[in-house]
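Look for chain A in each of the two complexes below; its partner is chain B in the first and chain C in the second.
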Partner chain A sequence: MQDQKTKILLAPAALVFTGLFVVPLSYFFVISFWRIRLYKLVQDFSFSNYVSVFQEYMHAAVFTFFISLTIAIVTTFLAFAIAYLVRFKAGRFGPFILYIAMVTMFGGYLVKIYAWKTILGTNGILNSAMLWVGMIDEPLSWLLYSPVAVVLTLLHFLLPLALLPLVGALNSITDDPILVARDLGATGYRTLVDIILPQCQPGIVSAFALSFFISAGDYVTPRLVGGPDTFMVGNFIESQFVNRLNAPLGAALAFSTLTICLIALALFRILLSRSLAPK
Partner chain B sequence: MREAKTSATTGKAIVRMRGLSKSFGDNVAFHPHDLDIQEGEFLALLGPSGCGKTTLLKMIGGFLAPTTGTIEISGEDVTRYGPEKRRTNLVFQGYGLFPHMTVRQNVAYGLKLAQTPKKQMDEKTDRMLSLVHLDGYENRMPQALSGGQAQRVALARALVMEPTVLLMDECLSALDLQLRKEMQDELRTIHAALGGTYVFVTHDQNEAMSLATRIAVMKDGNIVQQGSAKDIYENPASRFVAGFVGEANMIKGRRAGGQIHAPDLQCAVTSDGVDCDITIVIRPDVIEFANPELQYDFAMLGTVQSKTYFGSHLSYDVDLDHGRTIKLTQTLSPADSTPEVGQQLRIGWNADRCKILEAE
Partner chain C sequence: MLSPLVLVVFFSFGSNQNATFPVGALTLDWYRVLFKNPEFWVGLKNSLVITVSVGVLSTVIGTCAAMGITKLKSTKANTVISALSLPIMMPPLVLALALVSIYSGLGIRMGVHTVIMSHLVFTQPFVIVIVNAQLANFNFASVDSARDLGASPMRSFFDIVLPNIRPTIIGAALIAMAISLDDFIITFFTIGNGMTLPTLIWGMMRTSLDPSINALGTLVLFATIGFSAIALRITKYQS
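Let's turn to the complex of A and B:
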């Protein structure tokens, strides 16, 4: 009886999940082994798409992996610092800081990209300021249209998102064990490492996964602020689907990236729990 | 500013507090006091909720900075030290176990921080775990423990540090009655076995009486009386203490010209002292059903209103003729006759067994 009811209640969510996620994903997984001949999809099973991914796009994959890893680590670190401040140091200003962070989500993604264009451009705020102070003689052109710009823009976009799971995790930690640790002689640093961090592992993993996956799959930011040398896998996937109409190769590229990301995430989780495990 | 209340005793004080007070904004949680804690004693801070017990305990432990005054522990001024720099350990009301550590890791954590050599650390941890009867539970996680077991882990984790003063904040109050009694026995046993100075916060007078060698009764941020359980029970200093520690019949009246007059009393009694309003405090066990052959300083007629059986004793409510109810207890021995509800009889007690409080 209870089971029946649970099933009925779960049905809408299951339907949406299957329709929007499982079905398309399975479809693209299958066609990643097919081929395009004369603009038509042919059911010709082979690993050739994956071979060309490996041969032609390896550099993009490696570049994407490292830039996403950088963004994810910096974002998670900063988000944790803010969440820690909100939970332990800011007192009644905590909710206010959180509120401000949430407000910065307003305006979305493209607005942030254009904001960073006006900050980092050759006539942008940063260059003008540095010229005015006399730090530089002519504008730095590499500020915009560079990997640095991609990291900054995505960091700005991801920070409030990554903040949420960490604030949740830190808020669910009670005060007593922290006071006890101090009472037993722990310094602030030891309390952080021995008591606080181990208890918010799921939050750290969520924040990391969120920033890592969104960065690894992004193709708009690198195109608009990344410049000629910043081609991330997302750009190649997009171009396979949109320009070259080669969905199988695009799908193979997407699944390769996804696999690498999942492996990276698994490694991150293992490393994190190993290093935080009580000894 | 008010004078600090001095209740310091001489002797070997391990904790010495002088002019200690704590305010939160305008709210004075603990008024200025001098208080000494003697080495080896088991001190109970007893008082109703909100009277400042936790505030005082946290100041001793270094979790709260006092607003005024100083604290010395073992002769060292620790007023400005946090808990990590004091040789005190506090057992929290909610235990505060580390949820991600096993029982063993919880207990050993303080030793690990102190960089105790592995062998010594293991020995101490084992000894402590077996002292609180947790052998076999070393590898359990806190979530898999019962309330009583969690309590023992918290206690072991503090005791293993061999604190100069062990502080406990209502740490048995979450347990059911049976378990609480057992833990009280164990705490007494542990105190006797290991020695050490314990300070125990509670709002339960029975707990305070069963554990402590000295009780400090608190009210509204003040320590209103200190002494042994017997002292306080027999010689309460105020109506509040009389009512809070044990049961008491309190009869209001006035002393004038060496005579006590009270509307509730059917008799006139002589009493030395100045003329003033008074309260007569009579413990229920002091009152007897009058033996016709004996003389009583106080003797009255009443009707048995209710009778409750407690195994070792009976408890009665006796209505005096004008509506006032007196509680009395009768210790049972086989020869005793026990009056029935509705029966009219005389009750009486002697002046030397009751306490006369002057107006407050």
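Let's turn to the complex of A and C:
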């Protein structure tokens, strides 16, 4: 009776999850083995799409991997620094910083990209300011429409998202072991490495995973601020669908990228727990 | 985190067309231009319909699920929550294309209704996590007493549980609405030929340097940030 009720309560959410997530993704996975003939999907079972992914899109995959890795590492590091300040140093400013992060987290994905476009442009604020101060003689044209712009824009977008799991992790650490370590003569650095970081591991992994996955799957940011040379896998996946109408190849590209990301994440977890293990 | 956003708001009130400094005289011209654009009204109407529907549906579905999850053992409950949260981790582009593929595979015509369906899958986890966190602190003994005194399950829910968690539910609904209103990628692919405010921003960004984009961006920004701010206030940071 009780079980029955629980099932009924969970049924709508389970239906949404199955019908709009599990089934579409499974179908999408199956499609990646199909082919396109005369602009129509043909059922098939071939690895030819995956072969073309490796032959034609390796460069894009490698580039995406490194730029996403850069973004994820910088974002996680910065978010940790901010979370650390919020927890230990900022005092009354802590809650305020957190509030700003939470309020801006869910809003303005496109607006944030657009804002960076106006900041980094040749007539943008950054260039104007540097010209005015005399740091440069002519506007730096590589600020916008470059990988730098993609890294900056995504960093700004991801920071609040990465901040939350880290603040959660740091807040769950009690003051006692930290005070004990200090009393026993540990330096601030040793306390951080031996006490704080090991306890934050799940938070660090979440922050890293979130920034890494979102960067690797993004196509809007590289399209709008990345310029003609910054093509990430997302752009190729999108163009297979929209311009070339080759859904199977796009699907194969998407699943290859997901697999690479999952492997990278697993490696990151192992490396992190190895480096934080007590010596 | 704030300054790039402040900039857009700033430019939306300045008369300088190029979104550079000096901003120029204070003006509401870009808002006037925007309100004269018929596409804005189409986008606004669609965005309202989608945001409100997603808010209501995901809150009802998510709250039911959260109620169900509290009855499970804690390890099982964690598994269910992690599984239902998977759609948030999936890159939106992949989810969007998977959804488009299945809609066209099944011959479902795309429009506002497919956008609403698609949004549910990544807004419900937020509602579930938020409401579930609140229910964890809720003392179910009072529900048991009500049931012992002869109240129906429905009655005990509406008279005892709901009044206690109402702020949390409203907060969860507002977060779901903010996410839905701001979503561009999933909306863009699953709406067919229609448009919403974010897809209109996208169109404006791609075609010309139309300064009313600052005005439109400011409106969407204020709506999503407003939703989140109210949600935080009434749930008092509990999640």
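Observations, loosely collected:
One rule holds for everything that comes next: the second predicted complex is superposed on the first by the 263 of 279 C-alpha atoms of A that agree within 3 Å, B and C clash if a C-alpha of one lies under 4 Å from a C-alpha of the other, contacts with A are read in each partner's own complex, and residues count from 1 in each chain.
Here is the rule we go by: a contact is a pair of C-beta atoms (placed from the backbone, for glycine too) under 8 Å apart; a residue touches a chain by one contact, two chains touch by 3 or more.
No experiment lies behind these values; they were computed from the predicted model shown.
Once the two complexes are laid over each other on the shared chain, residue contacts for A:A81 go to neither chain B nor chain C. Of the two partner chains placed around the shared chain by superposition, neither chain B nor chain C is touched by A:L262.
Contacts of A:Y109 after superposition on the shared chain: chain C is touched, whereas chain B is not. Contact with chain C, but none with chain B, is seen for A:G234 once the two complexes are overlaid on the shared chain. Using the contact criterion defined above for the overlaid structures, shared-chain residue A:R182 touches chain B, although it does not reach chain C. Looking at the shared chain after the overlay, A:D194 reaches chain B, while chain C stays out of its contact range. More residues of chain A are touched by C (comparison of chain B with chain C).
Comparing which residues of chain A touch chain B with which touch chain C, the overlap is empty. On the side of chain C, the complex with chain A involves touching residues 1-2, 4-5, 7-8, 11, 18-21, 60-62, 64-65, 67-69, 71-72, 80, 83-84, 86-87, 89-95, 97-102, 105, 117-118, 120-121, 124, 128, 153, 175, 178-179, 182-185, 198, 201-202, 205, 213, 217-218, 220-221, 223-225, 227-229, 232, 237.
Those residues of chain A that touch chain C in the shared complex are 2, 5-10, 12-14, 16-17, 20-21, 23-25, 27-28, 31, 41, 98-119, 121, 123-125, 128, 156, 159-160, 209-210, 213-214, 216-220, 224, 234, 237-238, 241, 247, 250-251, 254, 258. Chain A contributes residues 174, 176-177, 179-187, 190, 194-195, 198-199, 278-279 to its touches with chain B in the complex.
Contacts from chain B toward chain A in the complex involve residues 61, 63, 82-84, 88-90, 92, 94-102, 105, 109-110, 112-114, 157-158, 161.
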